[in-house]
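These are the structures in question, set out in turn.
Two complexes, one shared chain (chain A), two partners (chain B, chain C).
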Partner chain A sequence: MKIEEKSINDIPVLKLYGRFDSLTSEHLEERLTSVIEAGASNICLDCQAVEFISSSALRILLSGLKKVKRNQGTIVLAAMSDQIKEVFDLAGFLELFAVHNTCEEALMMLQ
Partner chain B sequence: MKIILNNDRRELEKLQKAISRFAKRYRLRSEIGEGLQLAVEELFVNVVCYGFDGSSLHKIKVILRKSGPKITGYIDDDGKIFDPTEYPEPDLRSGIEERKVGGLGIHLARKYFDQWKYERVGQHNILEFEKWLIH
Partner chain C sequence: MAKNDPKIGVVLASGNIKAFSAIPLFEFLETEQIKPDSLIGCSGGSIVAAAFGSGMSAAEVQSKTHQFLDKRLFAKRDLRSLMGMYNLPFGRFNKTSGFIKPDRILNLYHDVFGDRKLEDFPTRTLFQVTEYDTGLGKIIDHGPVAEAIYASGAIFPILPPIEIDGTYYVDGFFTSSLPVMEAVKRRMDVIIALVFEDPIHPAPRSFLSCFNNIYKMQSAALTRYQTAMAIDLHDHEIIVIKVPFSRTIKMWETDAVPNIIEVGRKAVEAKKREIFSAIETFS
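Our next item is the complex of A and B:
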């Protein structure tokens, strides 16, 4: 599990790598919280390199989305594999999160 | 595969490795192996987080078998009575503000297994499950 952070046109982009299970998801919570507390309302998560996601990571994403929505912001997800997308679908998250094929597409949506 | 774990979330790593070995040994397709990881992890973590009061040490037994065209297995713990098969489905249609943050783990496990059965035997929760490899 690794998270890289960059900023494109003032929008924070977190690139997630590896497995986000109930042990490693705490790091996601820390990073997401710190980005939101730093004032970001729109956030892009690049999921291309995510190999596994459990309900603990989904909970963190949902909490993050609730927070940014209160500031009229959103979290968009990009480039997830079919396997990860299926977990999002089973959790009913595809109705809550905007999912894009590429990070560029996701960022354009946020402009 | 048989593994006995302590009621400690950090034991998850051992469980993940054991399931990976099981998936490799039986050459399970990646979506079957990853789904198995997810479902069993969710159930194990649920027992660890909600099954026990205080910090006393308990053992959780996880067994997986490949029998013909299916995977069978069970989880045995001596935690509080909890039947995941009767756990209510989360509301997946509510909007963002109303959407509950919890309850997703059991739901994901339920979706993965083709069949599961709970029994309370003495002081133990026994959850048996099946996943068919041919559909």
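Our next item is the complex of A and C:
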């Protein structure tokens, strides 16, 4: 599991790599919280390299979404594989998050 | 089980005969000596949950599938209810009515489970039902097994509701086709939830096909909302296993059983690592 962070047009983009489960989701929570506490309201998560995501990691994303919503922001998800998209779908999370095919699309939406 | 071992809950969705695709999950749990602390079923899932909750092995359940899949169970029509649907003379339709008489189905459950009560089962077993008069989702966790399984799958108006202790119950699918929230409420740490999906019929040409389509859409929507809420409220892992079928399978398609089990086997195989990981990472 690895998380790379960059900023495009002042929008933080977190690129997620590997497997996110109850062991590794703590790290995801720390990174997400630190970005939100630094003042970001809109965040893009690049999920292209996500191999697996468990319900505990989904819960972290939902918690992050609730936090940014308080500041009229949102978290958008980009470039999910079909397999990861199915996990979000089964969990009912596709109706909670905006999902885009590419990071570029997601960033355009946020701007 | 050590004190810090996770409590395992298995949740089986509605899905009539497709729920038998859960058999490979129980084979896997038996092989790995992972003992569920509770089994929660809805409708078809309740039949399978009851079978395993009563202490049957995967092989025993598989050998009994033909008993549950007999077309004759659904052959006794209630003419008075059918006439009542069209307001014909001598017809009658009220909350005790249904197009199919339930006696044979109830007799079957009595044949298989006798007069056993849920509280006597070696594994805690619960069924999702819907209270007819209030529309509220309820859980039956005690009392006679046969009536409780029937209640969980009483798909009104095809089957009539059943009265248990003065309350009328219908199919749990109307309120929670995948009762994963119940597993969260019961403090299960690792929740393994099986959901059985077959495609929406693109050109339905009968009452049942149209009804089935609506049934599936409603069930899928409810499942998504309730699973999202369950994930939010839970504090460890919920593993949702989708068992995908390429076509609609009729309740009495006994020939389809080997294929149903095979589809379940593939779906479970793909999630084994996730199940192990959820158990290992519990602290």
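Simple rule for what comes next: the second predicted complex is superposed on the first by the 111 of 111 C-alpha atoms of A that agree within 3 Å, B and C clash if a C-alpha of one lies under 4 Å from a C-alpha of the other, contacts with A are read in each partner's own complex, and residues count from 1 in each chain.
Methods note: contacts are C-beta pairs under 8 Å (C-beta built on N, C-alpha and C of every residue); 3 or more make two chains touch, one makes a residue touch a chain.
Being a predicted model, the structure only gives us computed values, none of them experimental.
**Student:** Putting chain B and chain C onto chain A via the overlay, clash or fit?
**Tutor:** clash
**Student:** A:R59 in the overlay: touching chain B, chain C, both, or neither? Say first, second, both or neither.
**Tutor:** It touches chain B and chain C both.
**Student:** Looking at the overlay, does A:G39 come into contact with chain B only (first), chain C only (second), both, or neither?
**Tutor:** Neither: A:G39 stays clear of chain B and chain C.
**Student:** Mind working out whether A:A91 is in touch with chain B, chain C, both or neither, as first, second, both or neither?
**Tutor:** both
**Student:** Under the stated touch criterion, which partner chain does A:K69 make contact with: chain B (first), chain C (second), both, or neither?
**Tutor:** first
**Student:** Chain C has the stretches 23-31, 113-121 or 167-175; which one runs into chain B?
**Tutor:** 23-31
**Student:** I'd like to check the shared interface: which positions of chain A are touched by both chain B and chain C across the two complexes?
**Tutor:** Touching chain B and chain C on chain A: residues 21-23, 52, 54-56, 58-59, 62, 86-87, 90-92, 95-96.
**Student:** Please name which positions on chain A make contact with chain C in the complex.
**Tutor:** 21-23, 52, 54-56, 58-59, 62, 86-87, 89-96
**Student:** Please output the residues of chain A touching chain B within their complex, sorted ascending.
**Tutor:** Going through chain A, the ones touching chain B are 21-23, 52, 54-56, 58-59, 62-63, 65-66, 69, 83, 86-87, 90-92, 95-96.
**Student:** Using the touch definition up top, name the residues of chain B that touch chain A in the complex.
**Tutor:** On the chain B side, the touching residues are 9-10, 12-13, 16, 30-31, 34, 37-38, 41-42, 45, 90, 92-93, 96-97, 99, 101-102, 104-105, 107-108, 111.
**Student:** Looking at the complex, which residues from chain C come into contact with chain A?
**Tutor:** By the definition above, chain C touches chain A via 195, 223-229, 231-232, 234, 236-240, 242, 274, 277-278, 281-282.
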